[in-house]
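Please see the structure below; I have some questions.
Labels for the chains are A, B, C, D and E, by order of writing; each one numbers its residues from 1.
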Amino acid sequence: AEPFTVAIAANLKYVFDDLAAEFKQETGIEAQSVLNASGKIATQVRQGAPFDVFMSADMEFPEGLYKEGFAVTAPKPYAYGLLVLWSQTGADLSKGVAGLTDAAIGKVAIANPKLAPFGKQALKAMEFYKVKVALEPKLVYGESITQVSQYVDSKAVDVGFSAKSIVVAPETTGKGKWVAVPEESYEPIAQGVVILKHGIDNNADAARKFYGFVQSEKARAIFAKNGYKLP
Amino acid sequence: MCGARNQTGVTDMGMGEIQARFHLARPSFTLDVDLTLPGRGITVLFGPSGSGKTTLLRCIAGLEQPREGYLRFQGERWQEDAYCLPTHRRPIGYVFQEASLFPHLTVLENLRFGLRRNTQARPADLEAAIALLELTPLLGRNPANLSGGERQRVAMARALAVRPRLLLMDEPLAALDYARKQEILPYLERLHDNLDIPLLYVSHAHDEVARLADHIVMLQAGRVLAQGPLLETLAQLDTPIRLGEDSGVVLQAQVSELDQEWHLMRLAFDGGSVWTRQRDLPLGRQLRVHIQARDVSVAIRPQTDSSIQNQLQGVVDAMAIDTHPGVMLIRVKVGASVLIARLTKRSASTLGITVGQSVWLQVKSVALME
Amino acid sequence: MCGARNQTGVTDMGMGEIQARFHLARPSFTLDVDLTLPGRGITVLFGPSGSGKTTLLRCIAGLEQPREGYLRFQGERWQEDAYCLPTHRRPIGYVFQEASLFPHLTVLENLRFGLRRNTQARPADLEAAIALLELTPLLGRNPANLSGGERQRVAMARALAVRPRLLLMDEPLAALDYARKQEILPYLERLHDNLDIPLLYVSHAHDEVARLADHIVMLQAGRVLAQGPLLETLAQLDTPIRLGEDSGVVLQAQVSELDQEWHLMRLAFDGGSVWTRQRDLPLGRQLRVHIQARDVSVAIRPQTDSSIQNQLQGVVDAMAIDTHPGVMLIRVKVGASVLIARLTKRSASTLGITVGQSVWLQVKSVALME
Amino acid sequence: MLSIEDIQTIWLTIKLASLVTLLLLIIGTPVAWWLVRSRVWWKGLVASVVALPLVLPPSVLGFYLLLAMGPQGPLGKLTQATGLGSLPFTFWGLVLASVLYSLPFMVQPLHTAFEAIGERPLEVAATLRASPLDTFFSVVVPMSWPGFLTAAMLTFAHTVGEFGVVLMIGGNVPGQTRVASVQIYDHVEALEYSQAHTLAAVMLLFSFLVLLALHVWRTQPNRGY
Amino acid sequence: MLSIEDIQTIWLTIKLASLVTLLLLIIGTPVAWWLVRSRVWWKGLVASVVALPLVLPPSVLGFYLLLAMGPQGPLGKLTQATGLGSLPFTFWGLVLASVLYSLPFMVQPLHTAFEAIGERPLEVAATLRASPLDTFFSVVVPMSWPGFLTAAMLTFAHTVGEFGVVLMIGGNVPGQTRVASVQIYDHVEALEYSQAHTLAAVMLLFSFLVLLALHVWRTQPNRGY
């Protein structure tokens, strides 16, 4: 039989290793991951990609797939992404988003608001603090939230709007400073999961089990540990 | 080049001849020839620089696509209307005016290139060509590391090694020194005696023309000015072919006597004989002798006590002005043969030479060519 | 090529000479020469194919980097130990053995290439070269569309147009026909008379050697076999230089009489005179005549009633065997001059010719070269 | 250090790049030769179209290729009708996409190299009985050796580094379409920088050695070319 | 239809690609010539290093370039010390990155073309008083014209299509570093397919015309080359 394949949004890469290990222990089923940007996964699914379950970085892509019949379950949020401000150049983050207008702070990176939900929410937070116009000249746009992390990591920007899941990851601990963006200033990013038509046709059992597993307590614990807010 | 259409030359009634008719127009030059060349022997293409010698050879090889072309080789159709036998199907050997060796192959690989592609060719031919042209020490070399003459020798051997049925050579000996030419010319002569391969040969060198040509084609500005068997053509005093200082006649002769003591031999021709330096030739051997007009002097009485020992009696047949107004050529019948002498007009006048007069021709023995 | 180091040739006490010493080792060839060439006139490099003529020219041009090299041109240091004047700083004109035109330039652009880069050069020189070599109809053409001879003419004009102080020519006339050679040779002669440019000339053609050379260098297998002024060298019977059929001497002569009626002129040299075809030359004009041994016959008495009108009395000075055992050369002193005659041994024996004997030489007037 | 997965991706990369280079040698050579020899007026159009894939961003090109190769696309319909099955997300789909994308890197240098040979060697070969095909292999190919090496180097290196098209068409399936460039991307996305650096360093070193070997071979004095 | 923003990105792309092509002509030409003429043993190493940027996935290469050009990177320190300021997220940063990334597309075809000229034309030029530099411009450059065109075409097309490096270094800043390739990508990612198709079509058409013009120029019979 075909291996059971889960297409995952790029930001889930390291969480997934924990999830898959746990899932294997529980069910004995090996879940293989295919990583890509959520939008690209959606496009590939429409073109017949052999993916069984899709864990997106937002709700819109799985929603679209469901409406068009490529997904067989309505999308369900499995976790919420949280915004943080991250710096490795020693910028002063104590004044939060409002303090980014300080002349001592140079470039600020956000994910492309057109493409990435994290970017959209970052703009929302800036609007909330009424600094959007003032910050505009400082902004640079990453393709995804990971690229924002690379900008921070390379110290090419002073501050980036990153995800909490990234700054708490073992790979980044101890690198610079981060502060959470208060949740009242934006909407935490709902990330949805769906079973795909290919999954039902080819790996129905594994797909259903995994779909259930993602919402289980064990999985929730893993998400929480990795910096996601739980539904 | 001729398109690689997949037809083969349809064979006709064999006629042993080469019939060539080409019309090829270029911005500043038009080749327009209609020739019937003998199917054996050596035909020399002669003419000033830019007269179309190379272009004509290329047409015959199928390397040019003339607007109008008709070519039949020994009855085989090589070109006619839209039909054109591709070059690689023509059993030719071609020596280009520039040696054109393959730069990516060694000398030996160059030589083997055609051999490998031709079932007719025998390795022995290649070995003979290598020996003749003294290529053994060069075989492993790169063409870029050869001297000009060495390159040309390799190109000749390469063309000879494919055992062609028609040899096309564009000034193959131009870069070679006298001694080497003297070695190669007899080989080309033998080739022509033994193998019956017709050879079209472009040359500017009068000694090559005189020595090799059976047939001569004179080109000028893309047109044929004159053509014919060498002997006839050279004996015509009013021919437009001027071999410069080398006007003369070629006689068919036979070794008729050997003088071992003085290393001389007597060559008999129809109407007389001349003594010349001995060569390693057997009695009875047929050969051609070239007697240049400049080496023939005229007397109205036999001359004695002179080192000129070849004296022939004959009758003045025709007289003509040469290229210079002070000089003239006279044609003298010696038996069935014809010789040409050059002398100043003043001498002709002083001696009172007229057509029909009996004269003594003096030929310096050493000036004969074998 | 010589490295483009930024030194300039240091000028020495001018000596008007070319001193050249090169040692260049290649896998199968070693050039090892030590020459002093005259700083004016024409020096012909002569030798069999592969003897190193091209390599020597390239060393002089600075295109080869010999392991040991020493070169001084008219007192200027061009090469010595590690020092080497880069080619583009040497005031030379070079005609390569293969025409080597720039394929991306038209004929005219090729000709102008050197002109533009040389403040010494004058456009008039280029115009003269274009006229002489009849290049006007070719000026707009692409080198790829030229015939072999046309390419070579363009290459010659290109080298002449830079007004060099030393001309290096590698068989420049090899691809040219007789008539064209006859036009270009006088130009090269004049060049040498008027401009005082020394010319190093590689040639296989004996007529070119005889006609052009003041000095001759004979190369064999990378070494100098013989060298010296042409007149001396050719008059030495035991010289290793064998110009094949063209052995002979060159005499300095003067136009001393014109016969307008018969279009003849008399050329006087030290010890005698000969009649030859008239040329467009004034009375008193100095020139060189080449008398080939094959055109001289020997008699022990004056001859009459013969078309040979030039008879010279002299004394046999030396006798030697020629390349062929049946033939010999004899040297005859005519006044202060020396002539060489070739005759068969049998004739020599029959006539009883010995050293010290008085003889009559017959020279066919038309065989003289101007 | 490198994980077994990393090594698998390297192996897949070498397989893909070698295969693409080989296929492009087979496809690109006649295309380039045709571009040099043909006298039709529209060959300029073809030459330009060949270079076009380059100007699209790889992932966008990948998107269009995916549309073409997908079940509704013209290419997809064709492959399914002919029983070849679906190409996207398979190794052969990757190969096809890379071939299309790297075509100009093969064709352009060969075009230049073929042009530089000129007429004369072809004429000489014809007078020595070599058919046009024979001449091509025995004269044109060896004489344009440096051009072939340049073309192969550019194609190989470009296929190794390619990633936008590969990710789109291949779908990052382990063991099938997850080549090293995608794996490096994965590592970077997971902020596993040290793994990313190691894998990148290995790829660089390997490619450096391949390129160096090709270069040394090319300039070897006594190869006779 | 195209929005004003789209047109701005096209303009930026043309500016970037032209500038990069021009700069690479200036930089790549001496590098390629040196590779052909030099006799030092380590030139093979240099030749291989020149081609190396190709084998890294563009976004990874972009990341390394970003590290180098960032305030702590060696290049960044240099530009800041010399008063050139910070390069990432600026147009000139893009130019620099593209130049590095496209270097092999310029150098490799030129290398092949220069090699094909051989010694003789250089020798002839020297006997006609042309200095080595003069010879280079009056003989080598015109004789390797097709190589220059190939190199310029590949470089131009590749820079137009490049996107991984550009996105990373440029930071997608409108009017400064948001070139057409990034814009098309954004449209596709945002599912704005019709805008993506239009912009892609315009870029394709434009590039096609540029390539076609170069090609026609190259094969024009009476250019004398």
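The definition used in the following text is that contacts are C-beta pairs under 8 Å (C-beta built on N, C-alpha and C of every residue); 3 or more make two chains touch, one makes a residue touch a chain.
These are the chains along with the protein names UniProt gives them: B, C = Molybdenum ABC transporter ATP-binding protein; D, E = Molybdenum transport system permease.
Everything numeric here is computed off the predicted structure, so don't read it as measured data.
A.B. asks: Going by the contact rule set out at the top, which chains touch both subunit A and subunit C?
C.D. replies: Common neighbours, subunit A/subunit C: E.
A.B. asks: If each hop has to land on a touching chain, what is the smallest number of hops from subunit B to subunit E?
C.D. replies: Contact-graph shortest path, subunit B to subunit E, evaluates to 2.
A.B. asks: Can you tell me which chain lies farthest from subunit E, using the average of the Cα atoms as each chain's centre?
C.D. replies: So the chain farthest away from subunit E turns out to be B.
A.B. asks: Taking the mean of the C-alpha atoms as each chain's centre, how many Å separate subunit A from subunit B?
C.D. replies: Those two chain centres are 90 Å apart.
A.B. asks: Roughly how many whole angstrom separate the Cα centroids of subunit B and subunit C?
C.D. replies: Here the centre of subunit C sits 27 Å away from the centre of subunit B.
A.B. asks: Report, in whole Å, the distance between the mean C-alpha point of subunit C and the mean C-alpha point of subunit D.
C.D. replies: 60
A.B. asks: For subunit B and subunit D, let me know how many angstrom lie between their CA-based centres, rounded off.
C.D. replies: 56
A.B. asks: Taking each residue of subunit D in turn, which ones touch at least two of the other chains?
C.D. replies: Residues 59, 63, 188 of subunit D each touch two or more of the other chains.
A.B. asks: Specify, in ascending order, the residues of subunit C that touch 2 or more different other chains.
C.D. replies: none
A.B. asks: Where does subunit A touch two or more other chains at once, residue-wise?
C.D. replies: 40, 150
A.B. asks: According to the definition already given, which pairs of chains are in contact?
C.D. replies: Result for touching pairs of chains: A-D, A-E, B-C, B-D, C-E, D-E.
A.B. asks: Which bits of subunit B are touching subunit C when the two form their complex?
C.D. replies: 26, 28, 47-50, 54, 97-98, 137, 141, 145, 147-150, 153, 170-171, 174-180, 182, 204, 206, 243-244, 259, 261-264, 275, 277-278, 294-295, 297-301, 303-309, 324-327, 341-351, 362, 364-367
A.B. asks: Could you pull out which subunit C residues touch subunit E in their complex?
C.D. replies: That would be residues 1, 4, 61-63, 86-88, 92-94, 96, 100, 102-106, 113-114, 117-118, 142, 158-159, 162 of subunit C.
A.B. asks: Residue numbers of subunit E touching subunit D in their complex, please.
C.D. replies: Those residues of subunit E that touch subunit D are 44-45, 47-49, 51-52, 54-61, 63-64, 104-105, 108-109, 111-113, 115-116, 146-147, 150, 153-154, 157-158, 160-164, 181-182, 184-185, 188, 196, 200, 203-204, 207-208, 211-212, 215-216, 219.
A.B. asks: Any idea which subunit A residues touch subunit E in the complex?
C.D. replies: Subunit A reaches subunit E through residues 37, 39-40, 89, 106-107, 109, 112, 114-115, 139-143, 147, 150-151, 154-156.
A.B. asks: Give the list of subunit E residues in touch with subunit C in this complex.
C.D. replies: Listed in rising order, the residues of subunit E that touch subunit C are 119-132, 134-135, 138-139, 142-143, 145, 224-225.
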